[in-house]
Structure formats: C-alpha cells, structure tokens
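Think of it as A, B and C in the order they're written, each chain with its own count starting at 1.
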Amino acid sequence: MKLEKPHTLKELSEILNCSFVGSPDHLVEGINEIHKVESGDLVFVDHPKYYDKALQSAATTILIDMEVDCPEGKGLLVSSDPFRDYNKLTVLFSPFYPWSRSVNSPKGVSPYAVIQPNVSIGRNVTIGKHTWIHSGVVIYDNVHIGDNVVIHANTVIGADAFYFQKKEDHFRKMHTCGRVIIEDNVEIGALCTIDRGVSGDTVIGESTKLDNQVHIGHDTVIGKRCLFAGHVGVAGCVTIEDDVTLWGQVGVISDVTIKSGAVVYGQSGVGKDLEGNKKYLGSPCDDARTTFTELASLKHLPALLRKMKD
Amino acid sequence: MKLEKPHTLKELSEILNCSFVGSPDHLVEGINEIHKVESGDLVFVDHPKYYDKALQSAATTILIDMEVDCPEGKGLLVSSDPFRDYNKLTVLFSPFYPWSRSVNSPKGVSPYAVIQPNVSIGRNVTIGKHTWIHSGVVIYDNVHIGDNVVIHANTVIGADAFYFQKKEDHFRKMHTCGRVIIEDNVEIGALCTIDRGVSGDTVIGESTKLDNQVHIGHDTVIGKRCLFAGHVGVAGCVTIEDDVTLWGQVGVISDVTIKSGAVVYGQSGVGKDLEGNKKYLGSPCDDARTTFTELASLKHLPALLRKMKD
Amino acid sequence: MKLEKPHTLKELSEILNCSFVGSPDHLVEGINEIHKVESGDLVFVDHPKYYDKALQSAATTILIDMEVDCPEGKGLLVSSDPFRDYNKLTVLFSPFYPWSRSVNSPKGVSPYAVIQPNVSIGRNVTIGKHTWIHSGVVIYDNVHIGDNVVIHANTVIGADAFYFQKKEDHFRKMHTCGRVIIEDNVEIGALCTIDRGVSGDTVIGESTKLDNQVHIGHDTVIGKRCLFAGHVGVAGCVTIEDDVTLWGQVGVISDVTIKSGAVVYGQSGVGKDLEGNKKYLGSPCDDARTTFTELASLKHLPALLRKMKD
C-alpha cells in the first residue's frame, strides 16, 4: 500500500523507537511485502537467510533486525522485532475498526464482543469479550466461544452431525444435542463449518487458527496452536493434539488420533493414527520421506519396464 | 451431555418401555457416545462386535439390544432398537424447536415449513411441509423443495451453471434457466452449492444426505438414499444412481454415470463411468482392491530398483 | 425446460433471423441440452463432430450451423452461431431480471449495479456498473470491483490473510490492510473466498471465471480469462498468468508462478512453478503425459514383483 503522504526515515524511527541507517530525510512512500515492493517502499526482513534478497530488492527502506551495510541510496530501520514493528506501521497507516458494535447484546454475549450485521445466533450461546463475529456468520444452539476469538464471514458454527443409520429404504438421523466449544484466541476463516457434538463436545483449542473453507466434524477435539490451511476436512470423532499443522486440502477420516507436533502436507489423506513430531505425505499418507522415495522411484518404473521387456 | 438432574435406571426403562438389568435406583447422570463416555454416563450399542467395548467402557449404563451379563456396579437397558431409544432420550433431554416460524409464508412456501432469519428466496420457488431452511440459505429462482427436507445454514441452491464458451479474447456465458428439484426427506449440510440446470433439472433424489461443503454441478441427477461426505465435488451433467456413497473430498468429472450401490473412498477422482455395487479408490479411481494392490507394490519399488542396480 | 406454449419452426426462424429446413408448422415444445432432450425439444449443436448425435437424439428440432440432411419428421434451424441463438431463445422464454435494485446506492457503488438483499459492504469499496452482487455476499474493506462482474450468493471477498508467526506459545497475526481488485467481466461462483492482500493487492484479472467454493489466498494475482473449477484452492502470493485452466479440487502452494495457457487436471497439486501452454497432472503434478505413463506403468508393477519373486 502507498502511504497517504511520505514519511522520513527519522519520523518512522521515532514512531518505532528504533535506530536507523541512512539519510534522516530519506522518504518512505509505501509499505509492502518482499514479492510486491517497488521503489519508495519499505519492506521487512527478520532472518539472515533473506537479508540479501530484501536489501537488493526494489524496496528503498528495509526494516531489519541487525545493523548491516546499507546499499547506496537506501535506508535501514534497525528493530529488535521487525514483524511487530511492521504490524505497528500498517495498523498506524490503515487502522481497522468495527463496522458496528452490538449495543444491546443478547444474553450470553459480552458487551465487548463485536457482532456485525446479518449474524444469526441460536439459543444457549455465549460469546466472550473482544471476540469478533463477522457478517453472515450463523451460530446454532449450544455454542460457547471464548475471548479474543475472530470468526470470519459466513462461517457456520454448530450445524448437525452427519450421522445417519441405514435402514431398509431410508436413513434414520441421530439427533444432535451436543455443543461446540471454541477456546480463547482462536481464529476461524470465512466459510468454515464446525459441527456440534452428537451428545458430547466439538472443541477447537486455544490459539488454533483455521484458514477458509475448513470443515470440522462432530465430536472432534482439536488441541492448542494448530494450523489448518484452506479446504482441510476433518471427519467426526477425531482427536488432534497440540501444535499440529495440516496443509491445504488434507482430509482426515473419523475416529483417528493425530499426536502433537505432526505436520501433514497438502492433499494428503489421514487414514489411521499418526505419531507426533513427524511429517506425513500421500493419500493414504505415510512418513513423508517414505512417500517421497516412492514417488521418486515411480519415475524410474516406465524405463525399468521397458528394460525388462528387452 | 450431562442431564439437568440424574434419572434412575427404572425411570428410564419406563420412558423407553424396555426391561433393565441392575439396581432400579442405579443413577444415569449423562448421555454420550462411546469415545466420550465417563462414569455416570449412558452409552448405546447395537452390534455384538462392540458389546465388550461398551460394557467395559467408563460408561456405567449401557443401552443394548440383548440381555448380557452386567458388569458389577453397572446397569443395562435392554431395548429392541438402541439407536431409536438413544435418540428418544436425547430428544427428551435436549428438545430442539424452531427459532422462528414463517407466519406469512411467501407464495409456494408451505405454512408448515420453517424458514429461519436471513433466508433469501427467489421467484418460482416451492417449499414443502415440515421442511426446515436454516439461516442464511440463498435459494435462487426455479427451485422446488419437497417435504421433510433440511437445508443447513448458508447453503446456496440454484446458482448459475459454470458453463462458458471460449471466444477469441473473452468467454460467452450460457444463460441458466433450468431448475433444481430436491425430493422429500433430503438433508443438505451447511455451505453446500447445488447449481440450477442450464435448461433441464438438477435433481437430488429422495432420502439422499449431503454433508457440509458439497458442490453439485448443473443438470446433475442424483438418485435416492445416496450419502456424500464433506467437500465432495460433482461436476455438471453427471448421473448418480441410488444408494451411492462418496466419501470425503471425492471429485467426479462431468458427463459420467455412477451405478447403484457404488462406494467411492475418500479423495478419489471419478474420471469415467463406474459399475454398481463395487468399491473404488484412487485418482483416477479403479476397483479398490486393484488400487490397494498397486499402492502396496509401490512400497516395494525402491528396494527393487536398488537391487536391479547391483 | 418446456415452453409455455409451443412455437412453430417458422416463428423461431423469424425470431432468430435464420433459415430452416422442415415443415414451417413443425412444433417446438421445449428447449434442452443434448443429454436431456426428449421428443418436442430443440437442441443445439455447433461442431460437425456432434452433428450425428444431435440429429439422431430424441430432440425433434436441431439448431445447427450447417444445412445438413434433415431426419424424417424433424426440423432444422440453420444459424451462423447456434450457441448465441440458443441463449437468445432461453433468455426470451425465461427472462432473468433483478430481484431488487439498489436505489440509494452506498458511496462508491454504481447506481447501475444490482445489490441483492442481505449483502454486507465494508468501507472503501467500489462496485462498477452492471455488476451483480447476489444475496448474502460479504465484502470487507478495501475491495474494488469492476463493471459487468457477477458475484454469486454467500461469497466472501476480502477476509484477512492467513498469515501467522509462531511464537513460543502462541501465534502473532500479521495485520491485513491490502486490497482486493476484481477486474471487469469477472464471474465468481457461490461460496468462494478471496482474501485481501496483506499490504498489497489480491487481483482477479479481466474475464476470469471461478466456479463455486474456490479459495484464493492473500496477494495472489490472477490473469485474464482463467477458468477455475469447483473447490480449487490457491494459496497466498501466487502468480497465475492469462488463460490458465485449473480443474476441480486443484491445489496450488504459496509463492509459485503458473505461466500463460497452462492446464492443470483435477485433484492435482501444484508445488512449483509451471511453464505455460502445457498440461499437468498428479500430486505433486508433473507434465500430464509423464504422469499418465507412470500411472500406466504402476498397473504392471504387481505382476513384475510376482515375476521377480519366482
């Protein structure tokens, strides 16, 4: 983004309370990420591996965590925490504030929660303070949402379990009467679905973050600080422990456990329990190194078959 | 879930009109599924394969379809249909009733249908009796919904066909003017999309159940009693016969037919017509046994290649 | 669809200003696509490859781009552009008009845009003329939408970037303050998500068409005339050039570039930069011919292993 008016290196160093290298009058006209920068822009970098890329980019000001040689005509802002200070600048120059604030909060909803227009809220729902429910979100009955939670637009929390029993010529539906518990500091993307427990709880643990279009089945319990990317689908009755990462479009079948610290790469399918602190790939998934070896060997198979034929 | 107050084994046997084994004063304090139960809870089991698991679980009361030896200190409720009676209890202890009921129903909408807030309904729409449309659902023109249907929140019924013709430097759009027909006893999850036919009908057959985030393309006709799990995507002009099961994240290309009773495992891709009463796996999918054999043999390929090299 | 009243071949030829073959009084009672037609219906065909199929189908009137022999008892309408004229007929017999028209447009919204009920619009949003925003769409701040754009129901434009930094025991969120730019003539399906740039722009290029349930991450830039089918997921910071086709359920990881004219088949995973004007398949994807060869060779592997064992 471009700033409404340019600021000098000296002004920004005072805002951030950090030192700078370069001319005090050096101008910053915009703020952007490394793959988007142009002349006049400020970029941030907080790992030596990327110092060169940032310093040699089109950006003319670099927010960096070490004092290094400054390229001719550029400026450095030397900060102990560039990520924090980059956020400080973008919030300052593009403040975000609620569109609407609930004045007469429904029972159970904190007066310090922000409920945007067109939100539907069921019975026996609680929503904690500083929690932000974006437009179009639908919350069914028996849903409990903690503090500092963000739920993005049109997400559906607490729909019925997908649980049917096959009879001769129709299905009987299991009545859903459990709850959804969303702990503090969770963020849930737009267009996600989190079903209620049948008679137990579906739980999203503290500080877990879900990207857009994620589906979580009934009675599934997810630990703290997990990251699930877009289009992840988790069936019912799954246990996912803390610090688990599921990349985009991963699917997890019902009734399995994924242990702490596991990472499952994109489009993989989890069909059984997974040990913690390992990386997984494939559909059905296996240890990622095993799958990579198999995929690499498959590339040699056509030649092998031709050779065998001779 | 925990009951508001404990009930005795005798009270519950009277409610369910069934016999019991154990002390008449044995207390039931909660109701839960097998993977969630704790002491005081009632659990249900209706297959001998799982009797032991249920009887030995933390649950202290077991709703079961045969009189068996009752573990010390526990109680049995012996029912001819534990699934039905479990539902009877959960409905009794957690009744579900409409948030709102449409009083002045739009033309074509049964006065016995329940239309929740923030629902948008197009022209030439009919909705049958005892059908329940949850909040945020959008129904375009020319949609006909039967009796006893449930459509969960924020689902979109009847959007335009994804049908474009490539021209030199743009696309021409095919005008969509067909219908969607949703037959009786269908249940459609939250955040599903079912597109209208271009000039024909998209049909969801009687008693079919769709999980959340399922997409059904234009002019696709789905039979009776099908089950599609989360994130299933079916392209346009597909025919799916009765009693077909598609597990999570399955994709089906356009213009194919899946015959009655086929089961397609999770994340598989259907790229051609499938025979009925068989199981399929893989992307593109094949007979599941064939695919399992191939996947198993692939695990031996790296060693084979090393051996060939020697 | 059936017409409200039958029309003669002669009447339709006058409406379309084209010639006909057959009896002037030959009746057209319905209009439908080739896989749905029955007696009385009109069907269209514009490629010699499909002439026979159309002429021999149950349809009794064929809208065709060449004068061919007309089967006994049928009629032909001979048009220079059957696709255009088919649309002309379906629009004529099933006109589509807005449910509601915004009279007092919010600032930045063209008075010639159509904004349906239950749409939420943030701050600093512009919407061009003849653009159609269907019910339930949520538009966050800083979104700019061109002319002749269609956005289908419950889609979310401009939610926050999924961008978190792991700290000891929590995540820090990167503040999102960038924009979404949707150029002219774009169509976006129902239940799509397009996130804002962090501080840059997420761009959907002119005439690009997205099917339902597509997700586009922050700062991703998509070129002109692309086609993305249902459930496609594109991560953040991706560059997709012009005329790229992604079939259903394709996933694209962050920070890669897909060059002009590339086609990626369904369920493939894009894990690296792709050259243009080629076809790709697999997860991770490779040149489609290479992947087809590998998949074919895998079918021979079980037999090979058995043979090696002997």
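We take it that a contact is a pair of C-beta atoms (placed from the backbone, for glycine too) under 8 Å apart; a residue touches a chain by one contact, two chains touch by 3 or more.
If you're wondering where the values come from, they're calculated on a predicted model, not measured in any experiment.
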| item | value |
| --- | --- |
| Overall pattern in which the protein chains touch one another (line/ring/star/complete/other) | complete |
| Numbering shared by both copies at the chain C-chain B contact, with half separating same from different | different |
| Intercentroid distance (Cα basis), chain C paired with chain B, Å | 27 |
| Shared interface positions of chain C, touching two or more other chains | 118, 136, 154, 191, 213, 231, 249, 267, 283, 298, 301, 304 |
| Of all residues in chain C, those that touch chain B in their complex | 1, 31-33, 35-36, 83-84, 86-87, 90-91, 93-94, 96, 99, 116-118, 134-136, 150, 152-154, 185, 187, 189-191, 207, 209, 211-213, 225, 227, 229-231, 247-249, 266-267, 283, 295, 298-299, 301-302, 304-305, 308 |
| Chain A partner contacts - residues on chain C that touch it in the complex | 118, 120, 122-123, 136, 138, 140-141, 154, 156, 159-160, 162, 164-166, 169-175, 177-179, 191, 193, 195, 197-200, 213, 215, 217, 219, 231, 233, 235, 237, 249, 251, 253, 255, 267, 269, 271, 283-284, 290, 293-294, 296-298, 300-301, 304 |
